[in-house]
Structures are given as C-alpha cells and as structure tokens.
Amino acid sequence: MNPATHIPWIASYLWLIPLLPFAAAGVSALLPQRCRKTSAGLAIGVIVVSTLLSFCALAESILHGLEPHAGRTWSAMQTHEVWHSLIEFTWFNYGTTSLKLGFVLDPLTAAMATMVSLVSALIFIYSLGYMSRDKNFTRFFTFLSLFAGAMLGLVVTNNLLLFFICWELVGLASYLLIGFWYHRPSAAAAAKKAFIVTKIGDTGFFAGLLWLYHATGTLQFYTPDHTGALEQVTALAGLPGIMGLSLAGTIALLIFCGAVGKSGQWPLHVWLPDAMEGPTPVSALIHAATMVAAGVFLVARTYPLFQASPQVLTLVAWIGAFTAIMAATIAVAQNDIKRILAYSTVSQLGYMVMGLGVGGMAAAMFHLLMHGFFKALLFLGAGSVIHGCHNEQDIFKMGGVKKHMPITFWTYFVGTLALAGIFPLAGFWSKDEVLTAAFRWGGGLHKGPFVLGCLGVFLTAFYMWRQVCLVFLGEYRGGKARAGHKHVGQEEAETHHETAPGVPHESPAVMTVPLIILAVFSAFMGFSGLPEHANFIHHFLNPEHAPHVVNWFVIGTASALAFAGLGAGHLLYGVKPLAPDEPDPLKAKLGKLRDFLRDKWYCDELYEATVVRFVRIAAVVVDLGDRLLDGVTVGLGLLARGVSFFNFKFDEQAINCGFDGGCGSVRVIGRCFAALQDGRVQSYLRLVAVTAAILAFWFFLK
Amino acid sequence: MTTLAHFQLLASMLFAVGLFGAVTRRNAIVVLLSIEIMFNAANLSLVAFWRYGPHPEQLSGVVFAIFGITIAAAEAAVGLALVIVIYRYYKSIEVDKMRSLKG
Amino acid sequence: MYNFFDQLILTLGAWVVGLVVACGNGVSKFCCGQPLSEAAAHNVAAGTEIVLICVTIYGVFALCFGLATWLERKMLARIQNRYGPNRVGPFGLFQFVADGVKMLTKEDIVPARADKLVHFLAPAVVLAPALLMFAFLPFGRNMAPTNLDTAVIAFFAVGAGSEMALFMAGWGSRNKYSILGAMRAVAQMISYEIPLVLAAVPVVMVVGSLSTSQIVAAQGADGFLDMSRWFVWTPWGFAGFILFLVAATAESNRCPFDLPEGESELVAGFHVEYSGFKFALFFMAEYIGMMAMAGLGVTLFLGGWHGPKLLPSWMWFMGKGFLIVCWLIWLRGTLPRLRVDQLMAFAWKAMLPFALFNIFTTAVWFHLPKATLLQSAVAWLVTAALVAAAYWVVSRFVCRRAGALRVYHYAS
Amino acid sequence: MDVTFIILSLITVVGAIWAVTLRNLIHGVLSLVLFFFGVAGFFFYLNADFVGWVQILVYVGAVAILAIFAIMLTHNLTAKDEPGFFSLRWLTGMAIAAAVGAVLWFAIKNNAAMLQTAPAGVTSSVADIGRKMMTDWVVPFEVVSLLLTAAMIGAIVIAMEQISHRK
C-alpha cells in the first residue's frame, strides 16, 4: 500500500458529507410543523451540497488513480494497490488509552457516497410531490435527513465503532420511517418487526466488533502506520476461533450476521417486505437503494477478514444464492406492486451477497451501485403509479396505465429491462459480472450458486414483465370494483386529496423529473463496467485482483434466460390482457405451488411455529419449573406440618406447659423482627447506620 | 497548625449532624436537606484529602467534589419534585405517613 | 502625560499608603523609640491598601448610585416630556443628597407579626453581594481589586446570593404582596441566571480563562485601534452581548422585567414593608447591582477598560458602564411591563436555545482559520450567518408561543 | 488550628445543627445557607477556589431556593407535631448519630497519616481541572452529565404529571 503522501482537500472535508444532513435533521426537528417549505428546502439543499461534495470525492479518487500514470488509459492502470486517504481524530482520552475515530477516502467510499447521496437527493425531490398532502411533512423530511446523514456517515467512516453507531442510526431512521403512519397498526407492527429482526443480526455484529477490538486493540479499518484492524488480518487468520474457524473467520461470520439482518438475507429476510408499509419514497430510498445495501457494503468494507476464511466465504455465497432464488420465486406470485419489488430487492441483494461470497467484491459492489439506481427508479415509478391510481397497490386492479402515464411507463420500462438484465442496460453488465464471478468460483458443487443465479435471472425477467403487463398494458381494471373493497396495504389517504375513483393521471413534474434522471443513469451507467480490458469500475474498486476476460458462455446463458423470462411473461399476461375480475393465469399453471409461493414459503409461519413457539414453550417450561419448586415447597411445608403435628402431640403429652413460655417468647421475637419492616424509610436508615457502626467497631477492634 | 485530622473530624461531625437530621426529623424536606449536609461533609472530606494528599497534581479530590456537587444537585431536584408530588397525593410530607411498603 | 492620568488613582493610592506607613513610623518612634519593623511595615501597607480599595470602590459607587438615580429621574422626565428634579443644585444634581437625608430621617417601621431577625437582616444581606461583585472587575489598567483565576464564576456565584436576600425580605415582612413579589423575583432571577451565564460562556471559551483580567487583556490592541478587538464586534460577541444585556436587565429586576415590584399588582413587591434607611438600602442594592452587571458586560464584551488612548482607561470603563446604565434607563422609559408567563417563556424558549446555539457558533468561530484577512472575513460571515439563522429559528418559535394572547378563565 | 479554621467550623457546625433542629423550616433553610457558605469558605481555605464558587452557585443559588419553593408549594412553613427534644425519637437519633460519629472519630484518631500538615504550593487552577475532566475523568464526566439531564427531565415530568391530571 502506498502511504498517502498528501491529504487531498476533499478528504479533510469528508466529514461534512454526513454532518450536513445531520445538522439539517437537527434544525428541522426543532422547526414547528407548519414550516413545511423550510424543512424541505433545508433537507434538499443540504443533500445537494452533500452530493456535490461526494462527486468531488469521486473525482479526487479517480484522478488520484490517474496521476502516477498520466496519459495512460484505464486498461493500462495496473497499480495493484488500494488507495486510502485517512483522516484521524481523537474522540476522547480515558486514562492512558484514547478512542480514535476517523474518515477514509478510498474508491469504495467515493463510489458508494456518490450513489447514496445522488439517489437520496433525487428521492428527496420526489418526496416533495409525493408527500405534499401529508400533514407531517416536516417530520418526514427530518427523518429523511437523519437517515441520509447516518447512511453517509456509515459510508465515509474509517472506524467500525462509528460504523456501528451510524448503522444503528440508520436502523432507527428506518424504524421511524416505516412506522411513519404509526396510527396504522400494520405500519407500527412492521416497524417493530423490522427493528427487532435486524437487531438479531446486529447482536452478532456487535459481538464481532467487540471480539475484533479485543483481538486487535483498535477499531480503525486502516491507520497511517498500517496497524488498522483490517491490516492485521494475517495475524488474525493464524489464531483459532470457534467451530474450527480461524479468528478472522469467526469475526467475519459474526459481522456477516449483521449484514444478513440489514440486507434481508435468508433467514432474516422477513422484515423487508413488511417494511413496505412506509411511504413509497422511503421504500425506494431505504429499503431498496441504500440502507439494505449497507449490509453488502459492510462485508465489502471488511472484505479482508472474509478473504482470510474460505469457509465463511462459501457460506456467504450459498446464503446469497439461496436468498436470490427464494425471493425471486416468491416475487412471482405476489399481487402488491410494492411487495413484488420488495422481494425483487431481497433477490438482488442475494446476488450481491453471492458475488461477495464467490470472491467478486468489485462485481458485487458494481451490482450494488447499479441496483441502487434502477431499483430506486422502479420504486419511485411504482409510487408514481400508486399516486396516479388513487392509492391502489394491487396490480390486478390496474392495467392500461401506459396511456395515462406515459413518462412513468417509459421510465419504468427502462428500469424493468435494467433489472431483468437486458443488453445494454445497467443490470446486464453488473449481473453478468456477478454471474461470471460465480461461474469462475470452482467446479462441481461450487457451480451451484451459478446455476441458482441463472435460474434467478429467468424468474426476475418473468415477474418484472408480469408486472409491466398487468400494470401498464391492457385496459384499466380499477375504478368500478373499488367500492367496499378492502385494499391490501393501501397507502394513507392523507397523502392524497382526491379519493374518488377515476382514471389514473400522470404525476407532477417534481416526481417525473427524478424518474427521468434515474432512468438515464440506469440505462447508461452500466458502461462504466464493460468487461474485457476497459473494466473501469473493477480497476477502480479492487485493483488488487486482475481483471478477468469476458466470458461469452455466461453472457449468452444469462441473456437467453432473461429473454426467455420476458417471453414467458408476455405469453401469460401480455398476449391476452386480463379482464377486471379474471384470476391470475399462473394459478392454473402452478396450482398448489403458487399458493406456497404466494405465502412466501411459509417463512413467517415457520418462524411462528419455531422461534415464537420455542419462546412460548420456554415460558411454559419455566412456569412448570416454578410450579415444581412450589410443589417442593408445599411438600416441605406438609412435611413440616407432619413433624409439627408429631411435635404437637409430643408437646401436649410430654413437655406441655413448660414449653409454652418458650413458644411465647419466640412469637415475641418474631413480632420484633416483623416490626423492623415497618415501611418507614427512616427506620431502615437507622438500622443501616447502627449496623454500619457496629460492623466498623468490630472491624477496628479485631 | 491545622492538620488533616481537624478537617476529617469536622467532616465526620457534620456527617453525624446530617445523619441525625435524616433519621430524626419527620418532615421530608428537612430529611432531604439533611442528606445535603451529609453530601457536603463528604465533599469537604474529599477536598481536604486532596489538599493534604501525596498527589495534589492529580486533582482527584477536587474533581470528585465537583461530581459530588453535581449529583447532589440532581438528587435535590428529583427529591424535592417527589416531595411536591407526595404532598399532592398524601396531603402531607411527613415521612412517617408514607408507609405503604410496610411488610 | 497620558500615563499620568491613566495611573492617577494608583499614584494617589500609593501616596496615601506611603503616608500611612510614614505616620506609623512616626507613631512607633514616638511610643517605642524605633521605627516599624519591615514585616510590620509591610502589614500596615497591605492593610491600608485593602481599606483604601474598599473605601474607593464604595465611595465611588455610592456616588455613582446617587448620580444614577438623578440620571434616571432626569432621563425618564425627558422621555415623558417633563423637567424632572431641578431645584437642588445645578440641574437638580444634588437631589440625591436631599433624598438621602429624607430617607435617613424617616421612621423605621417593622410590622408587628414580622419575622424580626430575617426582616432586619435582609437589607444588609441584599447589599452585600451587590457590593462584592465589584471585587472581580478590573476598572482600569493595573486596577483590578482582586486577580482571581475564577473571577467570572465568582461574580455569578456572588450574584446568586442576592436571590436569597430578596426571599428573606419578602418572607420576613409577613405580607402577602411581599412574599408574592419575592417568589416572583426569585423565580425570575433563577430563570434568567441561566441565559446570563450561558451568554458569558462564549467569551470564556474564546479567551480560555475565567479571569476577568485575562478576558480584558485578550481584547486589547495597540494605540488608537484599541477598540478593534472588542468581542462585541464579532457576530457571536454581538449576539452574546444582546443576550447578556437582556438577562442582566432581568437579573436586576429592571423594567420591562420588573414584575417583582409591579406597582399595579403587588404595590411594591418584596420591599413593601420597608421604610426609611432599610428601603434606601434596597434601592441602593438595585442600582449598584445594575452597575455591577453593566461593569461585567463591559468587561466581557466591550473590551473592559480598553479604548483609544484619548481618555484614561478607568474613564473608558466608567463611560461604557454608564452607557449601559443609560440604555437600561431608556428601556424603562419606553417599554411596558411583561406578563409572568411571557417572562418565563422568553427565558426558557427564546434566550436559552439562542444562548446554547451561540456557544456552538463560538466553537465554529474558534476552529475556523483566521490567519489572513480574507480568512477572518470568511469566518466572520459564516458565524454571522449562523447567528442569523439561529435568531430566525428561535424568533419563529417565540412569535408563535409567547406572543400569543392568554385566555383568562375567570369562572373556572 | 488557626482562627480562620475555628470561625469557619463554628459557622458550619452551628449552621448544620440549626438546619436539622429548627422547627421553623424557613429558618432551617436560612441556617442551611449559612452552612453552605461555611463549607464554601473551607473550600477557599483549602485552595480549591473553583469548588468553592461552584458550591455557592449550586447550593445557595439553586438547592436552597429549590427547598424554599418546595416548602412554599407544600404549605409547610413550620413542622407542627414534631416531637420534643427529650422524646424517644430524638434521643434515638442522637444516639445513632453519636455512634456513627464515634466510629469515624475512632478511625481518624487511629491513623497516623492524619496528623500531617498541609504541604505548600497546592493549588487547583480552573484550566487544570478542566483538562483533567476532559482527559482522565471524561467517562465519569459524561455519565454525570447524562445523570443530570435525566434528573432534570425526571423532575420536570414528575412535577408536570399532576398538572395534566388536575384538568
């Protein structure tokens, strides 16, 4: 590693990127409810400044890569070095040790910060339109700013503790925003669920953090003198951990627990679809584009730990692959537009985790960045549709929206193709990278993730095209069946002034312009990661690994499967548009399997039957134990009574009256002791004082 | 010349006076104030130890006295607020009347 | 020449000390046949110095008190379009002497059911902190009575003692109006003490010392530019100064914060039952406390005795102090009295957050680079923007809450 | 033993004894203020100026005032049926206080280290105290500040609850 010879100016001002949104959150938390424009303006202005700073950081880190090789092209850039620029400061000293925090500027940070802040900025602007009718508008922007600040803080930090703090703050913001309409029981429950389920993972993360601190004595990722936690991996890899893993592997496993919780990987994925109870911009920002990616980012950040332990990497790969395929199958059978996208998110996150597991860190991060753009686009598009269709979320009650909302349709179309992985949109390149990495992972059983991934590609294309057909093509099926119908997860009426049924309408410009910008990014950003020699993003993010050559087999398979998925979807839903009350054609094709998928593989039920029931059983067992103890007590009591009965007889006959006096004195003593506990504080104080005095005297005299 | 023992004896005497008030008086406010006297006695003792101790540059006694004052202030605020609430509830602040915890 | 006037008082003091020591030597020779030993001479000199300082401060400020009462009556009269006192002396300047004589010769009335001891002690106790506060202020170059490491906090601690005195006055009188006025006064002074102290914190932060001498020294500059580094010219200093003035007005129970003595509701508040000389002591304590507050304001924000070298340093100090006193009198002449809830809301909802934010702003100022003129300008503008933003946010709150009309429920 | 020490001890001890024995609560609080001033005087005497000023600011300026407000708000100007001096209650209290005091006295008397005199040149500048608090004692400092915040909020909540119920 080359030590940073100079600190670029943007590195010393990196702290501004998270701090500005935090400050905005603080200020708008103090603003009264009616200062809507102020708080929104503040939040948006600040996030735009953060975005500009992030772009500066990106430019700086790109230019830094170019500098020593001036005049050369990217393909010739073979530094094999990861570049860091570090800023350290001491939070406080205690005794002889001090707690150091810091920020790091490296390609990973720059790329992630740019994506997060840009997507956040666009979503903030979009929220202006989407939330315009909500009476808690100010609070909403406060929470959004808090979230953005925490997320950006998590990205730029160079310290696992600060990372964890921001991580929890992100979780808090997510909790607040999912439960934004807290008066709705389902929203409150979803918020609670999200908080608790992710906390399960966070417990592991925290344990890993403590263990890492114990083992290395620092929580800085990198330090100028190369004693950072991530720079001591070789030492850690040599120490024994638990379950036959090395210490590095153990810590990596624990940290991965946090990532599983936050990034919605199996088995902790259950909170993410429920989190769609929040307002749609929140779903787009937090539960699609940025926060859920934090888990992937965490693994990418601590990747040296993972690299030191192949067993953990294998586990990561398999969990990712399994999540990818499971979520994709569930998405096929959902009806709620946001739920489909939610499962799609889980599935795509599975791809990223799989990419990390098979050693393609750059590929996974590339997919993360691209996914951030097109998934935000899709969610915002869905929000626009919901907004236009008067808070309808059931795709079987939509249809033909293309006519009424052309901009939304075309941007959504771009997003769909990008997600499905159609050449030459963003998803094509990034998914191809991940699959290539999976393909090259190994032979035999190690081909498993690749096969599952390919299957996932087919399903992704299928469910996305199903959605497009049902929502945008055909005739509008909403409107008449509305009266008396209870809508699943209906968005809050407060957001919308007109509740009367009618034809959908296009959303205002403040919502469509972000869509267009995101569509442009989704369409063209993929070219930053062209395979073959000019794989810029790969060099940029992970120059330590040699770039791989293009693999035509993978590209061909994936593309063919994607097109097959689109075709299958079109055959089922596109050729003959559905009538208003016609059931899902998939029901006939899949039968019972569809119900299985619709009910999410019965995961919630499984957890209900296992974890929750275990807790109940444990409660019963403890209760039984309690009763047992009670029984013993009662038994002893009976025994004592028996003995005392005998005693009584003995007493009566043998000792009789002489003993009664003794009994009486015992009673008196008992009364005296009972009198001690008279409920008066001062008596207790007297007792304490006298006892202390007596004990002290005894101590001195001894 | 004043020795450390003088200060410690004085502090223990003040402590005893405070303890007397705390165990004797019935009025809750006076009890709280007696506790403040005990706090002050402790602070005086700490500062005297600092002044006569072997490591005055560590300032431990002074810092502890400041912490003690802070904690005493917090105690007084909460305690007196409680007294007011108790008065509203029992219509009296005699500590003897508050005995619902009797065993 | 300048130095002569600047150090005139010190020179006079040294002369008196010398005189006393010489007299002591003379007396000693006369009695014991030998001059004073060195230690004894030193003790005599130190004692004389202390007595001299006390006498000077009390004399000067008692005179200032007299002048301030005259000034107040004259200014209020001018504001109300009348003449004010104009019979005793030129422009009625000796009115306060006449008043003093009147006060001293009046009957001293003690209510029958009064708590006699407390009633008797209160006027003395109320004056003591007001006078003691002057011990911590540097009045001019080399003219600090004490040079404490902890002067600022000592000033506030001594000021806290006057609350107890006001309560003693109100309680000891055994009068409903007195006790109501005293409770109001105590509540008000406690509430405004917090913004008062917080307004002083930025200065302490920037100087890095609680010593008033060092605070004044930090605001000094050379020659005729001796006013360029007063803290009041910085944005946070300006905001702090305004906060300090408002809080000081409330601390000294001056209009528009004079609810404890509101004539229309409480007759005269805590000193209803005092007459004659005791009343004069209360009166004196109020004015002297006000002047002490003005002195601290001058010390913290207006550069203390620093000023262009046209006037002696002590004149600068007194002049600036009297300027603040005039400002307070002007306020009294023009503003109506606040309501109790407005008063409290203003302290807790407007001044406290603003003062806290001002501390933050000062921290920003402290860390911004100020090496070159351009950097200083940038720092100035940034902090000014922060102060303005804080003012804007806080004022929106206050306008909505504290300014609202109160609904009275007579029947309920 | 010098004159300052004797005067200050008289002030503190008399103030403390009055504070715990006087029937008139207001007088009790006023003697308590006397006691606080005496202890502050001891702090000055021991070269701990800062603690002394903080003592006056906090105890006289806040705690005593708080106590007075509590007395006023509970209409408890005098302790009515307080038992007399020779009641069992007072004698018990005195015995207990004497016992504890005797233990402390015993401990101090039997310790040779207690007989040393004050070393010269021991001072506590505010800057040093601040530096210590921000370095060695930073964690307790943070904990105490948290406690103070919690106490403040707690006191407000406790006092406010009843107001809302009274409506």
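Worth a mention:
Labels for the chains are A, B, C and D, by order of writing; each one numbers its residues from 1.
Going forward, a residue touches a chain if its C-beta (ideal position, glycine included) is under 8 Å from a C-beta of that chain, and two chains touch if they have at least 3 such contacts.
This structure is a prediction, so every number in the text was calculated from the model and none was measured.
The chains that touch both chain A and chain D are B, C. Contact tally for B-D versus A-C: the pair with more C-beta pairs in contact is B-D.
Averaged C-alpha coordinates give centres for chain B and chain D that are 5 Å from one another.
Remark: chain A and chain C have CA centroids separated by 58 Å (rounded to whole angstrom). Once the centre of each chain is set as its mean CA position, chain C and chain D turn out to be 29 Å apart. In terms of their C-alpha centroids, the spacing between chain A and chain B amounts to 50 Å. Residue numbers of chain C whose C-beta contacts span two or more other chains: none are found.
Shown for chain A are the residues that touch two or more other chains, namely 686, 689. Residue positions 50, 54, 62, 69, 92-93, 96-97, 100 of chain D are each in touch with at least two other chains. This structure has the following touching chain pairs: A-B, A-C, A-D, B-D, C-D.
On chain A, the positions that touch chain C within their shared complex are 27, 30-32, 35.
Contact residues on chain A toward chain D in their complex (touch as defined above): 92-95, 686, 689-690, 692-693, 696-697, 700.
Taken together, the chain A residues at the contact with chain B in this complex read 674, 677-682, 685-686, 689.
Taken together, the chain D residues at the contact with chain C in this complex read 26-27, 30, 33, 49-50, 53-54, 56-57, 60-62, 64-65, 68-69, 72, 125-127.
Chain contact summary for the complex, chain C toward chain D: residues 115, 118, 148-150, 153-154, 156-158, 160-161, 163-164, 167-168, 171, 183, 186-187, 190, 193, 208-210.
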